[in-house]
Amino acid sequence: MKVIALIAAIMTGALLIYGIEEMPKWGDPNSPASSHVSPLYIQEAIEKTATPNMVTAVLADYRGYDTLGETTVIFTAGIACVLMLRKKRKGGGD
Amino acid sequence: MAEQFPALIIVVPLIAAFFIPVIGWWKKQLCYPWVVAVLVVTFISSLGIINTIMTTGKFSYRLGGWAPPWGIEYALDYLNAFVLVIVSFISLMVAVYSKKSVEDELPEKTAPFYTLFLLLVAGLLGIVVTGDVFNLFVFLEISSLSCYALIAIGEEGAPIASFNYVIMGTIGACFYLLGVGYLYIATGSLNMADLAVILPNMYHSKIILVAFAFFTVGVMVKGAVFPLHIWMPDAYSTAPSAVSALIAPLMTKVAAYVMIRIMFTIFQPRFSVETVPVMTVLGWLSFIAIFAGGIKALAQTDLKKMLVYILVAEVGYIVMGVSVANKIGLTGAILHILNDAFMMACLFLVVGAISYRIGTRDIHKLHNLNKIMPFTMGAFTITALSMAGIPPACGFFSKWYLILGTIEAGQWAFAAALLCSSLINAVLFFRVIECAYFKPMEPAYANDGGETHMVQRDEAPLTMLVPIVIMAAGIILLGIFSGNIISSIIQFAVPASF
Amino acid sequence: MLDYVIGKYNFWIYAVLMMIGLYAMMGKKNLVKKLIGMNIFQSAIILFYISTGVKTGGATVPILMGHAQEHGHQAIDVAGYLNPLPHVLMLTAIVVSIATTGVALAIIILIYRRYNTLEENEILKIRKDTGV
Amino acid sequence: MDVVCSSRPLWAVLVSMIAAFLILATGEKNRNIRESWTIIAALIKFLIVASMIPLILQGKVIEYTLFTFYPGICLQFRVDAFGMMFGIVASSLWIATSFYSIGYVRSLNEHAQTRYFFAFAMCLSSAIGIAFSANLLTLLIFYEILTIATYPLVAHKETPEAIIGGRKYLVYTLVAGCVLLFAIAMTYYLTGTLDFKAGGFIGEGRGSNGILILLFIMFILGFGVKAGIMPMHEWLPTAMVAPTPVSALLHAVAVVKAGVFGCLRVILYVFGPNLLHDLGLWILLAYFISITVVGAGFLALGQDHLKRRLAFSTINNLAIIILGAILLTKSSMTGGIIHLANHAFMKITLFFCAGAIYVKTHKEYVSQLDGVGRQMPMTMGAFAIGALGLSGLPPINGFISKWFLCLGALEAKQIVFLFVFLTSAMLDAAFFFPIIYNSFFKKLPAGIVPHFDEAPMLMVIPITITALLSIVFGIAPDAFVRFFSIASLAVQNILGAG
């Protein structure tokens, strides 16, 4: 198992390092990530959502559905724990 | 109304799930009708969606009114509307079925069980409906988390199987997330349609290549594609029967959908087929999967374990159809998503009913089952014939298109694998059928009675039987009407780039 | 070459973290250690995402300066703020990661209740001995 | 060629399928109602089929399209002269078999009679479906249904032997089904169509000679299994464990005839005489089949079990039919096609007799039959007619087909095959004469006084009728249902087009 784990880790690492070559440089303001979608968030957030915090604006408004999903994930985890850990009422748990 | 269906199909089960703990705290018996009612609404919504698409063509739904790619968009086309109908219908059937099996297996946990059941369905529907790669990840995690928990409360060995699933599933989800990150770095977008426009200009990029690799591996883990299926047999076979009947047919199919979506919508077939040899690799992996699954299934005596290994092979079918990357093969793959969902659901439902009534899943102890449970065994037989590729059951037709696809791609070995696999399936299922129908009486059932104990009919309860019979009838009808399904839906669901 | 390493050091760090996490998840025998590996793995991804939001050249956190509000949106300098999107995504991803950890811990409790151990090989041995 | 659209072929298929479900619904308790469904369906089916004869004789073709699966592939029925031949044989003999079956299972008080009659009706449906298929896919669909529907009949007795017989049957036929599926998919890939055409269509496709030869081999292997071509005949004697009416059905009416019918369809309607001549395949197949003709005859000599002896005689005669078709001359084809019908009438008589003997005396071996003729003169008289007919003695119908076959061998200028035909006739005589002689002229075992003691009338009447029909068709081959005209018409179509 350890060998397999090692191989998997090394292969993943190799893949990651292979991709690094063409990655944009650290903090490049013209990288696609910072220039395609995000400028509009920065510019329009205050006007469209009246929220100075752009992260909040995107989180709760532009991508509000993700946040609903996020809440649901927490709810799911909570219910999952209830389902798994609650012991039977009658007769001692095992 | 019609344009609100995409939102309804997610929101209704999601909100309804939040209410179940309250309802369960008030009156436990109400959980079941509530879930069934909600899933009926979901099913109607999915029918509404596919109806809208068939009359007016594909459409998208902007959540919160934000235009893509800034906001999240639900992009509905033939492919995901088709999968939505499958998911919502099968989950409705399993929900109807679940009543007795939950009472039997999890008497104290009704409310949280149904909450997670609904969340799982909502997650699966969300994966299918969304047009945003990150939103897909969120729904993937909702469905995975509920899946982990639902599996963990199964029989002996379930927690450990579930833990392995958590580890593998998280690796899969994280790889998917990494793929999203790489695409985001390269393009700055998260919207599938937007990505599909931007990406073709950068197919030479190594980042895209790495992203594609991570996507593929991630989806393969989630979809239990050989050889990343190792978590699956234990997890699915130890889960409670209603849970296996839900996740076994749907989880793998939804993952297959995501695979088709990524490979042929986000990326163009030009990239997926020509730039990287991933199709060849996938094809040969599914080739091995079909044999490995079949042979492992032959070694099982537990009916449910056997089905799980067959599922490995069935996933291989779909991936093989994808990997030949031509129109007819993909038609077969998409048709098989439908057919296999029905067949697997029906088989798992039957196995659940058998273990509910007889208390065993050992295939050598099913003597006289045709007399005890004639309808259940009838459904089992129909499905078994379908798995073995006997017309007019639906399994034959998907195999037909898959074989045509492999022939068109010139992959003779794949065609041979598909044929061998139906023979293996025939052996697997006729073992059971022979035992249930033809083996002379043996005191396996109610062996406390005398030697000449006359077998009494003891059919599964109605809530179990009705879904089983509907699924079995569906298998025949899907076969007969496969032509209509292909001409009215699937031929448009195959990505336009073919 | 130095540029290749130093200019993109964020990717190197997360690649290493990720390998550590992945190895721990698959190679460790103790279930909690596996879980810790999982957390390292997820943290690596989170770091990776966050690092893509960085802009050099005086960009600050994506919260609008108090006075900028009056300027209207034309005046807002895109280069002056970090990219908010990765932060949003990672807020969600962090929550997901926590939830996963929670569920996994609950499963571990179930396992411990049943087998009284968290070592994978011991559990396997117990299961073999009991014939399940 | 005039095409008439009519749903009659569909109804001919459906009638017995509907009856099958009525039988299932009626169940064991109302035996008389259940049996009346069989009889009614048999009569209606025959009438429907017979009503189409005049149209066929006018040179018209009856078509009915049920579904379109994919461009170029439909579930379609087309009744032409050749299909009509098989259709009449199957539907008319079903009437006889129905009555006989009822007598047989009631006399022996068989178990699971509902399943038995259900499977029987399904078999007939698929046999008619095979006869009236318009294309290879429709043919395959019904062919596979036939395979499955026959399985419960073969394994009916549920003894270990029967179960093994059933397994063997399934293995052979399902493998054959897979080979066929591949060959058909390949054919579609090469030609874009699967519709039968008198004189063949595959030559117009883009297959190279090598591939066509390979396909031909696969087709013959696929259909040859059911037709019992050596060395794929092994299942047939093993399947003799089934109840006698089943053997009669297997041998004379539906299953093996379906195999032969398939072979002939492939030879005459898919490849066509011209292509087979060009590829030189005909002579190879002719020699290959000759081995079966002679080999089966010799093997039959060595069998003591009456039904096994009959089984080898069947293998022998089926091979003669195929040999007639593959010689590709006018007379030989006519002889082959008409032997399809003639052999059916004679062989069903023989099997009926074997069953009647078993019901009355529980004797199964040739060596036990001394003096039975005195006890059951009518049965053994019919047996003698059937046996003499198979040996080619006038005025029984076997003579006519053998005459044409021999003429065909001369026309083809292949004297070798003339000898093959003659040898086979001689062998037929050699293994039937001892039975006739012993049963009439030897004394019963000591202590048993010969007395008239026939099988139940429900069995004797069908036997007598089929035996008499054999003579009638021998004297007037064009009587009643006009076999001879239909056969010549079929040959005309093939040669006219080729």
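Labels for the chains are A, B, C and D, by order of writing; each one numbers its residues from 1.
Note that a residue touches a chain if its C-beta (ideal position, glycine included) is under 8 Å from a C-beta of that chain, and two chains touch if they have at least 3 such contacts.
In this text, all values refer to a predicted model and were calculated from it rather than measured experimentally.
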More contacts between chains, B-C or A-B | A-B
Between chain A and chain D, what is the separation of their C-alpha centroids in Å?
-> 68
Calculate how many whole Å lie between the centre of chain A and the centre of chain B, each centre taken as the average of the chain's C-alpha atoms.
-> 25
Averaged over CA atoms, how far is the centre of chain B from the centre of chain C? Could you give it in whole Å?
-> 29
Using the average of all C-alpha atoms in each chain as its centre, how far is it in Å between chain B and chain D?
-> 43
Residue list for chain A, restricted to those that touch at least two other chains | 16, 21, 23, 31, 33-34, 37-38, 41, 63, 66, 69-70, 73, 76-77, 80-81, 84
Expected list for chain C, residues touching two or more other chains, is 22, 25-26, 52, 85-86, 89, 92, 96, 99-100, 103, 106-107, 110, 114
Per the touch criterion, the pairs are A-B, A-C, B-C, B-D
Complex contact set, residues of chain C against chain A | 4, 7-12, 14-16, 18-20, 22-23, 25-27, 51-57, 59, 62-64, 66, 68-69, 72-73, 76, 78-79, 81, 83-89, 91-92, 95-96, 98-100, 102-103, 106-107, 109-110, 113-114
Chain D-touching residues of chain B, taken from the complex the two chains share = 328, 385, 388-392, 396-397, 399-401, 403-404, 407-408, 415-416, 419-420, 422-423, 426, 430, 434, 437-440, 480-484, 486-487
Sites on chain D touched by chain B in the complex = 67-70, 74-75, 137, 140-141, 144-145, 147-148, 152, 155, 158-159, 162-163, 166-167, 170, 174-175, 177-179, 181-182, 185-186, 188-189
What residues of chain A sit close enough to touch chain C in their complex?
-> 1-2, 4-6, 8-10, 12-13, 16-17, 20-21, 23, 25-29, 31, 33-34, 37-39, 41-47, 52-55, 57-59, 63, 66-67, 69-70, 73-74, 76-78, 80-81, 84-85, 93-94
In their complex, what parts of chain C are in touch with chain B?
-> 22, 25-26, 31, 34, 38, 41-42, 45, 48-49, 52, 85-86, 89, 92-93, 96, 99-100, 103-104, 106-108, 110-111, 114, 123, 127, 132
